[in-house]
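Each chain gets a letter, A, B and C, in the order it is written, and its residues are counted from 1.
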């Protein structure tokens, strides 16, 4: 029998505001425990919340980027939930009137294990809520740090539109990309800035109704989301084949064994007792206000990819790689703006720059080379000041020192030698030192010439213009023949 | 029984301001005076949970020094004021008369306290209350039973019973209380002092430990109507820290009272107020006497109707308990307050701490509130109550199209005896005259209107439309003047 | 029509209250009485009536994203009933791990 998986994701993204959602404490990762707290985010007696404008604007911007509708009327609600890292034992969230509804996001191109046909994944809603503190479990006790409590958290709920691990991977990648493009969240999953829960069930192809779903939690990377889905699909198919009974489960992901495991068999009957937050007034987002936010909306990753293909003539794969991170795409566009050939810039970034960055463990924002300098380097090649081989050497030096290519070429005397008298000196050296090759060439073996050109380059330490070198060689050999 | 009602040192806030200005008294002497009255009567009244004389004396000495240097913060610089135990004062306990908050020290000033301190007022003493403001007699305090200074066999009312009692006994010049369903007005009426519940949103709730967020307001408990106006002027105003506070409203009420009268004022009398079968004859007679005095002074009487009044108690006890069940969930013994020892896992912390820390009335209301919000009951109770609340609000809107203020009783009867009412429902029903005002968000004032034959104070209530405190203060001032004349 | 079929034991659990059997019985009786009074609400016609969640009709009360004062850790720890590692608030082990 053939099966298909039904996958929906609930993704939490911390908004990268300066302060927390409902108080003026800094929204900082990595501070000393319990230092970014105040009576409000600790839930002290008598305190009241006040919502952060920037968090709301960022949520709306995220929604616009994901093609959501922004309802005019939104409000906050309380959700009852007992947990030591939840200071008030209720969370301020949005129940029935979230800031964003009915969005969609395009997934396409190369995914982790295969190529995807373009497809839209529906977004049910994005609501804004407050994050909880962080519990550290130490055997007999649990220690709580409330620095994270109250950090603005967007929850993005997808439709159950995904069918494969690759689609979920692509959806998450697209979401992260979009958040970063919009500048609303840093989405570092290791820092917990982006967290993902997977809802998944499997059914025989052709069956209309959904089977009982499983929720997977504790996923620390997009890769583990992918792996856990693949694992879970297989596990559930096996259960179906064996006619095993399904119970609604919450499962965790064991990164070491690459397996899911049962966290909770049957959910404790949750009764969240939502009701409108009496301490907060409703939010009205007029069309004008939304338009104002829309004006600041950057190009979406999908639009940027399309433009790179259509206007700059890049292959789709290049566009996908360059647009993965907005910073990379921006870097690329700045380099192209210097007048360099778009495809050549793309090649340099994809083959040289990204590799160097990855080896050095740096992000594009920390790149020692400026895009203007890469443009300049390509210009030097075009103007034949240096050749391609020297350019790679210069590039490595640029990466090491951050110096401009012109300066490096000048300081190191790497200008291409175009002076024919200088070149003929290297030609004579090459001929004198390679009698065998010369003999072969003169005997009619054309390929021996390439070897001799290489020798000229070697004696010139790469600086000779290869075309001029070849001509001069032919000339000189003709004399000898 | 004992009768311990008395004027405090300097008589009132306004009186203290005059004496401080003329040099007839110092801030230190005010604090000393209050403290000596406290020592004299509080063993019996038990209105204060705590009073910190030394700290108040330091603040008073600073105030006197400012005055000597000509740098007073306001005319009221140096006046001590008592604070209900659910309003946060930095460095002091804020226990809401609950065992659960034992050991908690507030780390910030409520906005009202900050404002009062900025004017030179000296917070002095925490007044007793029903635990978490849940009650109408202050019998639900986890610590002590406050007695009515007019007759110590009787309750002072509640939940701000401590605030009303210390003012009435002359051991405070004035106090702050909080009113969720009558908790300022009813004890003020029972004890024979003035109590004002401002329009919802007029005074910041930041720093007031929430009972029912959409109903709570902080307000003054004072000896005179003028003092109530003075204090409201000091504490009112938009607060960035309270999203529900009303923006852009001037507050110059004390000045507006000078020379005011009630001529031409339209006084509404809701017929439903007088159809309540438990309304005590003596209380009714006091309201009618006030009505007649108003008419004689040129006010116009208008019959109005509040047709949904009969639903007010139901609506109130659904909404207030629902919000309370949520507001009180933060009290779990993890971040502050008392934790039960020897809890083996985190669930124990919640269950055992809350079981040991909360009193019966609080538990009862938490259970009721949890129930009306729980899955399957939300629509039938909570949502329905919110809709009924709209109807009650609309009743008042319609009434205020016909009148400036509404006159009525505060409670169906004067202060009852300690332990007299043990049935919770019967206690709730006694809130009928006060709670609809909180549901509508209007303002109201309780002002003394004489005594019963047995010597218990009786207050009457004036209710005003949203932000119409000036009108109810004028009406109350008229009653105060009439009482003074009768007393002469 | 009576809507009230309250199970005090279940509701107390939701509210994290460990009631004694005596309390449970007492509250069951009292709260049933209160609810039978409150049930008069079921007679009120509220068709088409908008619910009131707030006593004032203000919207968009929003603060700017500007950081303010934090609380000294000493004060936070001083108020805490129990402390771990000198910087964390301590509770007994949370069973079942994360949320």
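Just a few scattered comments:
Assume a contact is a pair of C-beta atoms (placed from the backbone, for glycine too) under 8 Å apart; a residue touches a chain by one contact, two chains touch by 3 or more.
Quick caveat: nothing in here was measured; it's all calculated off a predicted structure.
A comparison of C-alpha centroids places C closest to the centre of the full protein.
Compared on C-beta pairs in contact, A-C and B-C come out with B-C as the pair having more. Centre-to-centre spacing of chain A and chain B amounts to 57 Å, using the average Cα coordinate of each chain. In this assembly, the C-alpha centroid of chain A lies 41 Å from the C-alpha centroid of chain C.
Work out the mean CA point of chain B and of chain C, and you get 23 Å between them.
Taken residue by residue, chain A touches two or more other chains at 39, 42, 50-51, 80, 82, 84, 142, 144, 146, 271, 273, 278, 280-281, whereas all remaining positions touch fewer. For chain B, the set of residues that touch two or more other chains comprises 104, 107, 214, 240, 243-244, 325, 329, 332, 334-336, 346, 349-350, 370, 374. The set of chain C residues touching two or more other chains comprises 14, 16, 53-54, 56, 58, 61, 63, 71, 76, 89, 91-94. If you check the complex, the residues on chain C that touch chain B are 3, 6, 8, 11-12, 14-19, 23, 27, 30-31, 33-35, 37-42, 44, 46, 49-56, 58, 61, 63, 71, 75-76, 78-82, 89, 91-95. Residues of chain B that touch chain A in their complex: 86-88, 94, 96, 101, 104, 106-108, 110, 205-210, 212-214, 240-244, 322-323, 325-326, 329-332, 334-336, 346, 349-350, 370, 373-375, 378, 382. The part of chain C that touches chain A in the complex is made up of residues 14, 16, 53-54, 56, 58-71, 73, 76-77, 84-85, 87-94, 96-99. The part of chain B that touches chain C in the complex is made up of residues 103-105, 107, 200-201, 214-215, 240, 243-244, 246-247, 308, 310-311, 313-315, 317-318, 325, 329, 332-339, 343-352, 354-355, 358, 360, 363-364, 366-368, 370-371, 374, 377, 380-381, 383-391, 393, 424-425, 428, 438-441, 466. Residues 17-19, 23-26, 32-39, 42, 50-56, 75, 80, 82-84, 132, 135-146, 217-218, 252, 263-264, 271, 273, 276, 278, 280-284 of chain A are the ones that touch chain C when the two sit in their complex.
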